[in-house]
Every structure is written in C-alpha cells, then in structure tokens.
Amino acid sequence: MVTGDRVQLRAIEPSDAETLWRWHSDPEVMRWMDAPYPPSLALTRKRLEERGPDSYGNLNLMIETLDGRTIGIVALREAEPEIGDAKLDIYLGEKDTWGQGYATDAMRTICRYGFGKMRLHRISLTAVAENEAARRVYEKVGFVEEGRMREAFRRDGKWHDKVIMGLLEDELR
Amino acid sequence: MVTGDRVQLRAIEPSDAETLWRWHSDPEVMRWMDAPYPPSLALTRKRLEERGPDSYGNLNLMIETLDGRTIGIVALREAEPEIGDAKLDIYLGEKDTWGQGYATDAMRTICRYGFGKMRLHRISLTAVAENEAARRVYEKVGFVEEGRMREAFRRDGKWHDKVIMGLLEDELR
Amino acid sequence: MVTGDRVQLRAIEPSDAETLWRWHSDPEVMRWMDAPYPPSLALTRKRLEERGPDSYGNLNLMIETLDGRTIGIVALREAEPEIGDAKLDIYLGEKDTWGQGYATDAMRTICRYGFGKMRLHRISLTAVAENEAARRVYEKVGFVEEGRMREAFRRDGKWHDKVIMGLLEDELR
Amino acid sequence: MVTGDRVQLRAIEPSDAETLWRWHSDPEVMRWMDAPYPPSLALTRKRLEERGPDSYGNLNLMIETLDGRTIGIVALREAEPEIGDAKLDIYLGEKDTWGQGYATDAMRTICRYGFGKMRLHRISLTAVAENEAARRVYEKVGFVEEGRMREAFRRDGKWHDKVIMGLLEDELR
Amino acid sequence: MVTGDRVQLRAIEPSDAETLWRWHSDPEVMRWMDAPYPPSLALTRKRLEERGPDSYGNLNLMIETLDGRTIGIVALREAEPEIGDAKLDIYLGEKDTWGQGYATDAMRTICRYGFGKMRLHRISLTAVAENEAARRVYEKVGFVEEGRMREAFRRDGKWHDKVIMGLLEDELR
Amino acid sequence: MVTGDRVQLRAIEPSDAETLWRWHSDPEVMRWMDAPYPPSLALTRKRLEERGPDSYGNLNLMIETLDGRTIGIVALREAEPEIGDAKLDIYLGEKDTWGQGYATDAMRTICRYGFGKMRLHRISLTAVAENEAARRVYEKVGFVEEGRMREAFRRDGKWHDKVIMGLLEDELR
C-alpha cells in the first residue's frame, strides 16, 4: 500500500475485474483514452487472473480513497533503468469522484514513489489536447508541457492533437 | 459498449453460449447462412471461454436492444490495415425481433464504428440472392450491389447465387 | 506432376526459394498483386522448408514449361467441400515468358484438375480492374465477370477496383 | 525492394549480421542512439536468423545505394491501424556515406511507402537535441518539430533533451 | 516442525497467503526491508500454491508461538555446500509480538538447525544500520558485525548504510 | 565495445569457449576464486552458445588489450534499479599480462560504464583477504574496504576471510 494525503494505491486483484470492466465500458470515462474494442467481463477477469507481479518495468496500482473505495487506476510503464524514465497513465473510473482532488493526490503519490523508491529521473505522459481538465491536474503537480503531437489521437472519425508532458525528479510539487 | 439509436453492441461473454447455441440450432435463423454441423452446447461454451480478445482483424459483438435484451450478433472480420477493408457478418437470432429496424440500426452502428475508430475505407458483405429481406436492409444503410457470384451457396442439395455488396467510407446512410 | 499442353505443374521445393524471392522482389511481377513487405531470402527459404504438404484446402503448384523451366506459380485456396468452391491465384514470375500462352494453359490445367480430381463446383478469382491482360486470359478459359468491388485494392496511395470472376464446372474451355 | 532516387530498401538477411554488428560496435555510429550493451556477433547472427517476417507493426529494411552497397537501416515500428501512426528509426552505419543525401532519400522513400502502401496518417520520430545533422535531414523531408522532451536521453553520465518530430501524410516533401 | 523454547518453525502453507499479504502490506513491518511493489493477495496466493518444497538452498519456515499462532517468517537462503555458508532473513509480521523474545528464540532455533542438520559453517545477514532493535537481537545470539556497506539501501529517496553480520558454527549463544 | 586507456571491453562470443576453458582449468588463475568443478570444453562451448544477450542485470564482457588480444573477463551482476547497486567480478586469465595495469584500467572502464550508462549508485565486490595484489588494484581505483567476512572462503580444506569493498558513484579514481 502506497499512501498519499487523500488516496492510497494498492495492487490490482482479480476481484477488481467487474469494476475495471464497468469503467472500460463507460464512454465518458474512456472519452480521451485509446479505447479498446468493447471488452468482455470474462476476458477482463481472465486477464487479471493471469497477470504477473508488478515490477520495475510495469507497475499498475488501483487508486482508493482513504476509506477504501476503489475509484481509479494509475500506472508507471516502460521504466528503463539506464535512463530512469517511465510513462504515467491515470484515470478515475468513478465519475462522482471527479474534480475533488483525488487525481491530483494520486499523481503526487505515484510520482513520489517513482522518484523515491524506483530512482526514476523523469516521468512523462501524453494527454489529448482538448482534455483540459486532465492537463490542469498534471500541471498542478509540476508536469511541464513539452510538445504537441499533431493528429496523434483519433475519436469518432476525427483527429486530435496530443500534448506530451514531462516531470523531472526535482519538479514535483 | 458501442451505442446506436435502437441497439447497443457489446463484447461476447461465455454466458452467451446457451443463446448462441440455441440460435445455431434453429434452422430458420440459419437458413441463409453457411450452417455449421450440429453444434454441441458444451463445445459452444468451450469455444467462448477460450476465445481471445477482439482485435482489429477479428471483431465480434453481441447486438442488444437498448434495454439489454441480447438479440443477435455482428462481426467485422479480416480487416487489413494496408487496404482498409473488412468483411461484415450479421444476423438476429431472436425471431420475434425481425422486421423492426434492429438489424438496420446494428448495421449503421458497426459501420460507423469501423469507419470511425478503425479507419476502414471499405466494408463488404455477401448475401444469398434469394434473401431479399437482408438485401433491403443492406441497401437501406448504403451498401451497393457490386456483383453476383453464381452458384456460390448450397442448401438442401440446390445451388444459389450470392450477391456481393460494398460500402465505401462516405456512403453510409 | 499435373501435365497440360504447354506446361506441367509440380510441387514446390525448398530449392525454389531463390526463384520465388526474385519474383517477389520484382515490382513488375508484383504490380497487380497484394505485395508483401520486402521479403528476405532467408525467410522465404525458411517458409518453404517449414510448409506442410499440399491439401484440399491449400494447393500450391509451380508452373514449369514442358522442358522443365520453372516460370510461375498457381494455387487453389480455401476450398470448401460442402459448397465445392475454391479461389484461384496465378502469376508468371519470368517476364520473358509473358504473352506466349503459358498462363492460359496453366489455368486450364489447374481448373481441369480442380473440377476433376477435387470435385469442385465453382472456381473464382479476383483481378485488379486495370489488369486487362490477365482478365483476357481468364475470359479465354471461360471465367465470367460477376462483379466489380469498388476500391478494394490499393497501390502507391491510390485505390483501384477489383473484378470478381467465376467459373462453373461445365464452363471450362 | 522499395526504390527511391538514390537508395533502395530491402529485407534484412541473416548475412547482414556482421555488418550490423560492426555498426553497433562503432561509437561514432551509435553516438546519439540508445546504445545496447556491447553486442556479440554470435547473438546478432542468431537474432537475425530467428526474426520473423516484416509486418504492418514491425518493418525493418536495409538501405542500399542503387549499386547495391548496404549502408544503413530504416524502420517503421509500432504502427497502429486505428490511428494510422508509426515510429521511424534510421541511421547510416557506413560513415563514408554521411552527408551525401542518402539518409534524406531513404527517409523520403520509407515515408512514401508508409503513407502509400500502409495507409499511415502520421509518422513520428525522436532525435537527441544536439544531433543537428539528423534534425536537418528530418526537416528537409517535411518533419515538423513538435516538442522537446527534457533530459530523456543519457550518454556518458549526462542528460540530453530529445526533440519529437512529426510528419502528416500530406506534408512529405 | 522445528521446536525452540518459545517458538516452533513450520513449513509455509498456501493458507498462509492472507497473513503474508497483510504483513507485506504493512509499512511498519516492511520498514527496513527491500519492500516489493505493492503485492496483490491473489498473486501472493498463487505464489504459495506454486512454490516447490524447501531445500538445502532455499528454506523458508513460518514462526509460530508454542500455542500455534503464526507470527513471522525465517529463511536460510543461498546455502553453498562447499563453503557451508548461508544467508538468514527474519521478521515478525505481528507487531504486538515485538520485543518479547520471539525473534531471539527463532534466530537461535534456525541457526542451531542450520549448523546441526545442514552442516553450515557460517551464517550471515545484513541489516539497515539504523535498525538498532534488530541488530541487538542478532548480537544477542552471537552475530558479529563484520562490515558496513555504505549506501546499499534506499527508502523514501534517501540512502542508508547496511551492516553485514556473521556467525560461525561455534559462536551461537 | 567499451574503450579504456589500455583495454577495451567486448561481448563474449562462442569462439571464446576454448580460451575460457583454458583459464578455468588453470589453478593459478582460479586460485582465489570460487573454482567450478573441472569444466569440459564441450559444456563451456554449449554454455556460451546458449547464453542470451547481456542486460542491465547481467553484463559480462571480455577484456582485450587495445591491439585485440583477449586477456580476461569482467562482469557487473545482480544490478537492481531501485537501489542502483551491482556486484563486480574480474580476473585476467593470461598470466603474462598480470601486474601491468590492465586490470586497473579494466576496473576503471567498467565502473565508469556502470555509473555512466547504467546509472548505478554503488558497485561492490568481495576478495579473499590474502589476495593482496587484487585488493591493491581495487583500492587504486577508489574501492573502500567496508568489512571482513570471517571464514567465508575455503580452499584446500582451509578457511579464509573475504573482504567486502564498495565504490560509490563519485569515488571512482
């Protein structure tokens, strides 16, 4: 368990399958993400049952409120020890918790963990340019907009730009 | 979940086995399709339990009415990214829902999804020439009859022609 | 060995790898075909070494002149015994043999074999619409144009139509 | 074989092992790349012997001058058909060919191939910011600098920025 | 069962999964250990179900009070028969049992077992330098501080030294 | 190739089998090392042919003089990215090269590589206490004696102490 001010991060359990499937099936939640093909509950369950332990290169943690309600997921992926960089993914699947600071605290908690325990030097993420709510959260914890990849996202037949943001180890706020 | 006006499309679950087996066992439903050998329920179940996730090249979705009744199945198969074409299959297994616009809406929904999310350029299908009800549905959403393959279908010892129909990405109605 | 008037058809040998690789690397030969990514000779060799025996559903034969020069390849694919149909592919890789009746005789030979030995009822093929030389060959042996699939082929960034042609078992000339 | 004005692109062969190993062992060639641990010739050979065919998602081609001298390698990786984007990697291993326009032509040739045959919409690449010679080549063929990832590269104990560049399908010059 | 004065040591059972997972999730328990990424209960269970029998080179035993309450774990790892040395790991996961002599007795019991049954000549362990409570326990049973590895432990972004301690076969008290 | 002032480090090749086997068979060379059971040349060869590529956690390089004579081997093992430490092993198998500064330069070269490319924080090694020639080399490049593991080495029926030495990333000389 990795504990922040408003959230705690815990390992994924197979019993999270139904929750994850519900989030993946919710178009509002998936709006700015690379939506998978409609997922089956059975395959979501199987995937969780078969996944190996979290590791330096692939860390996925469920976001819980401090009283134990599971509200989202955060990941650090593709960490490379020689460069000390990793990619961050985050979303809150429970829409009634949006806009209350949970994502901000989850971001701070996982980044502190990445720089502290994992000795990362840099964490980066991408966000669809229109997704301003997310970008504000990322900026609040210190992420700097480093570029704009033109037409690198597609939703409903239209292209969107993605911004790339980065956070160095002494920039976390 | 992919949502249309009258139907929604969702992933296949192992719990659909009994429904699919019932449809496959119904000669009226299978009348104009390449009927499989009589299926066992156990093998239908096993096949669903072992199938992998849907993907660019093999997408199969159950058709539900908006209130969640499972009534049919639709598929986009053999998509090739270099050409951007795929083959469409569809049928409604629940006979009491025939002729009420569900198939038309499921066609529109999957085609919109194929052109939008998957960047397809062309969707094609074949239909037994005598199956005029189906052909009317396909034409309603914009499919154009492109040819007639002579004696390419066989049922009860007799040959039938099949029509081939195509829909380009700007032709969906 | 299946023998015609001007050509004979024989099984593929691993020693054909260099020849096939040379044909696959020749843009003139591949002009109207779904060109693979540039093939390596090593993988071509490996693929031939590992391929299983020819069968009802997948028959590939090298075309030789009667004096044993290997000049092309012909295939019957996806044969389904219940319908008795299969798909034909053919090309001559040695460009100096084009236009001398070898392809026509190879077509007649393989179709006679398909209807005779394999009890096929129908053989079909597709051709890029602009490829008029090929279409004339197919018509000469009896294939009938059955339809035109719009924009189903792509070469150098442009779409082309494909014609679909069919031959029933009593139509071979 | 994919042919440009000054270079041609061909599949990798196991016999390229010694050449690739020599390039990977040359610090000048690897200067701005994520250098692997010192490679053995034996493992380079084994890796080439075991690699599968090139495909939509992983395409690697050797760069040859028009008279058949192998001088470099170019790759399109991680192509996703739904978004139509891919990542480009290129380098010339033969240092006496630097600065003569071969890289520029190889870039144009692979991009034309990616947009044409593969229906890509966007090609992106990253370059270490100090590597100005490479960036000039990329700009010459139309790549636009879209961002600067701070301290995302490490060489000899020092961090360097990387620029990210993108090219949309109508921007190739 | 290996029995001491205040504890007994027994094999790990799959039914210990929930207990181990609870200990691993407790930051106070893991404070001076190389903490794993937050573990899932499901993977802890799977790991226990799949582990093989204990052996000369890898011995892990649960520590129980004499009335059968499971309170910790002790291990002898990497035993090499030619040198007769092994590494010891121990912790008590039930915090209400700390400071009551259980760890001291478990240490004595496993070392006696190692020297007696396993013919070890030397047992060594490492401890974070700040962890004085643990070091006192180790000294009490005879371990001698042999060195101090500078900055060989990292917690919360800070480096800590580790002491290395050794016990020879005639030094156990 | 990693280049120092007097040596260069390169990947191991299967063709090194005979050399390694000769070194492993030389009691003078193996005097202060954990000597393996008498090795067969055939198994040495097989082991080299089957080993995978070097990686962050297991890096083994042959030491060559600058004119290409293979004289020894150096390794960084068990690197852990969260702590940034690794273990170093080194020996020169060609006895006529002893005492001429090759080992010192190989140590400096691999440590610079470990701190620079691999972002290590700490490198440690152990040496049999009597092996004063080796210890002088390690101290010359900056290693600090951190402890003495009593009776942790055995040769010819007698116990010897081993010293443990550590080098932090700013201590390399």
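In order of appearance the chains are A, B, C, D, E and F, and numbering begins at 1 in each one.
Here is the rule we go by: a residue touches a chain if its C-beta (ideal position, glycine included) is under 8 Å from a C-beta of that chain, and two chains touch if they have at least 3 such contacts.
These numbers come from a predicted model, not from an experiment.
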Which one, E-F, A-F or B-C, has the same contacts as B-D for more than half of its contact pairs? A-F
Contact-pair count is greater, between A-D and A-B, for A-D
Per the C-alpha means, the centres of chain C and chain D lie apart by a whole-Å value of 36
Distance-wise, how many Å sit between the C-alpha centres of chain D and chain E, to the nearest whole number? 51
Counting in whole Å, what is the centre-to-centre distance of chain B and chain F, each centre being its mean C-alpha position? 64
Among all residues of chain C, those touching at least two other chains are 154
Please classify the inter-chain touch graph. Allowed labels: line, ring, star, complete, other. other
Identify every two-chain combination in which the chains touch. A-B, A-D, A-E, A-F, B-C, B-D, C-D, D-F, E-F
Contact set on chain F toward chain D in their complex: 1-3, 9-15, 48-49, 52-55, 59, 61, 115-117, 119
List of chain C residues in touch with chain B within their complex: 34, 82-85, 121-122, 124, 144, 146-154, 159, 164, 166, 168
Please name which positions on chain A make contact with chain B in the complex. 25, 27, 35-43, 154-157
Residues of chain B that touch chain D when the two form their complex: 56, 79, 81-84, 117-119, 121
